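I have a structure I would like to understand better, so I am pasting it below and will then ask my questions one at a time.
The chains carry the letters A, B, C and D, assigned in the order they are written, with residues numbered from 1 in each.
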Amino acid sequence: MIFFATLTVLGVSVALCLVRAIKGPTPFDRILSISSIGTIIAIGISVHGFAFERPDFVDISLMYILLNFLGTIAILRYYKIKRKKSNVL
Amino acid sequence: MSYNYIELITLILLAIGCFFILSGSLGLIKLPDVFSRIHAAGLIDTLGSGFIVLALIIYSGFSLLSLKLLLIPIFLIFTSPVTGHAIALFAHESGYKPKGKNKK
Amino acid sequence: MAKPNKDSLKTLSFITYFIILFVFWFILSGYLKTLLLFFGVISVLFVFWMSYRAKALEEDSLPLKIILRLPFYWIWLFKEIFKSGITTTALIWNGKYSPQLITVKASQKNRTGIANYANAITLTPGTVTIEVDKKTFLVHALSKKLSEDLQTDDMNKVITDLDR
Amino acid sequence: MNFLLINFFLISLLLVTTFFIFKTTSLISVVALTGAFTLLCSAIYVNLDAVDVAFTEAAVGSGISTILMVMAAAKLPEGKKNKLINLFPSIILAVSISLILIIIIANLPLLGDPNAPIHLHVVPEYLKESKDFFHIPNVVTNILASYRGFDTLGETIVIFTAGLGVIALLTSNTLNRKTNFKKNNKKNER
């Protein structure tokens, strides 16, 4: 039962982060809140595994964290490429 | 009897972790600019996830599963500062200035 | 302690890296059959070769000197994260934040130490390293108390001592 | 019950995200929101017990396709605003496709029904025998790598070729070459 309460709180936090991701005036706000959403969902998956008594789902949440990191860095690479381009031209 | 102790500790740790995650995501909404919001995201990444994973480790007991769970905060500790620093750096380079007074 | 040969240090760090990779593989799989262990060794060797080819493996990347002091440092870091996390949470809930920019000087000798210090600053909630210019950091802090905590130079000393 | 509630919550978040992907005009924000979309999708797959699909969705959606879209966005010229063109044909297309999907879903067996045809054909055999036969613990791996080995080989060759093409297109070398070309052009104009 406690795990379902935890899942509810995590869901509320994901919704709050999503508000910032939608509203965010700058793109950096969006990137930041999406990486936070990724972290919360990764933790939520492992809690979900415990709640439904199948704790093997930890593997996915591990991979999730790594891929979330990779995606965030990939999106930020856009600005690096832009910087390089403007220097060359 | 001992089972009840474990459940109680799990409950307390989960509550602390939930509190930190909730205040982190509240901070994402409340704080004024990008640079301040990075602090709130860091709060979610370090303390919130740390306490929840600690609760899960105590609940599951010592096994291979708890080692896997332990890997989650280790990865987060390695990846979280890199993301935060990269976002701050590129936001600063794109010309966004942090609000508030600047002291040199 | 006699000064170790550079090549032997390199070999030692390679072996440590291999062991860390294999332990990681074993935690993820958790099977103790001959065939599967063989596959695991093959995949670990592949990753090892890839990181050797990407030149990610130098004696700088796995500092064996500090590996014994690392657990104590981590415990200290967790304590620090917890303390400043509570301060940041209070600031978020009562809304009395006053964000400010400060500059911090680092006194580490090599690049690993400087990266370590910058990451530690970012990892504690409430302070973020924005730019690194050789040995000076531009740091964004959420309130005056947090920035004063940083300027007392405690963290700098601990991380410099780590790499004696 | 809880299962349904979680599903409902995630799908409503997904709808909100989709709506705002549609409304945003900044390119990089669209890429970032697509990342959030994929994350929510694979959370739904985990909730539906499709663990391997969730793995694939996270790897392909959040890893590879984000990188591809970012590299493509970086090559586009700057300073042009997205304009919404005539939406009427695409709305008709979307509505008709979703109607067809709803009709198909109504004819499917229930989720987790043990008497569904997919659970009665060869699956029990695979589940029972494959572990002793090939000594590999994961049944899905067994089916993909052993029973359908040739099929998987073909698929991997296709994916490998696609990956090679992408690498050839998107290495930084091509970016530099293009900019050097532009530089030379400018010199010639002078």
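Quick note on the criterion: contacts are C-beta pairs under 8 Å (C-beta built on N, C-alpha and C of every residue); 3 or more make two chains touch, one makes a residue touch a chain.
Everything numeric in this text was worked out from a predicted model, so none of it was measured.
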Please state whether C-D or B-C has more C-beta contact pairs across its interface. B-C
Chain C and chain D: spacing of chain centres that average the CA atoms, whole Å: 34
Measuring centre to centre with CA averages, how many angstrom lie between chain B and chain C? 17
With chain centres taken as the means of their Cα atoms, state the distance from chain B to chain D in Å. 28
Between chain A and chain B, what is the gap in Å from one C-alpha centre to the other? 12
Using the touch definition from the top, which residues of chain B touch two or more other chains? 24, 26, 38, 68, 71, 82
Where in chain D do residues touch two or more other chains at once? none
Touching two or more other chains in chain C are residues 28
For this assembly, give the contact graph shape among line, ring, star, complete and other. ring
Set of all touching chain pairs, with the criterion as stated earlier: A-B, A-D, B-C, C-D
Residue numbers on chain B that touch chain A, as the complex places them: 7, 10-11, 14, 17-18, 21-22, 24-26, 28-29, 34, 37-38, 41, 44-45, 48-49, 52-53, 56, 59-60, 65, 68-69, 71-72, 75-76, 79, 82-83, 86-87, 90-91, 93-94, 96
Interfacial residue positions of chain D with respect to chain C in the complex: 135-137
Touching chain D in the complex, chain A uses residues 4, 7, 11, 14-15, 18, 21-22, 24, 27, 30-31, 34, 37-38, 41, 44-45, 48, 51-52, 56-57, 60, 63-64, 67-68, 70-71, 74-75, 77-78, 81-82, 84-85, 88-89
Quick check on the complex: what are the chain C residues that touch chain D? 31, 33, 35-36
Going by the contact rule at the top, pick out the chain D residues touching chain A in the complex. 2-3, 6, 9, 13, 16-17, 20, 26, 28-29, 31-33, 35-36, 39-40, 42-43, 46-47, 51, 54-55, 58-59, 62-63, 66-67, 70-71, 73-74, 78, 175-176, 179, 182-183
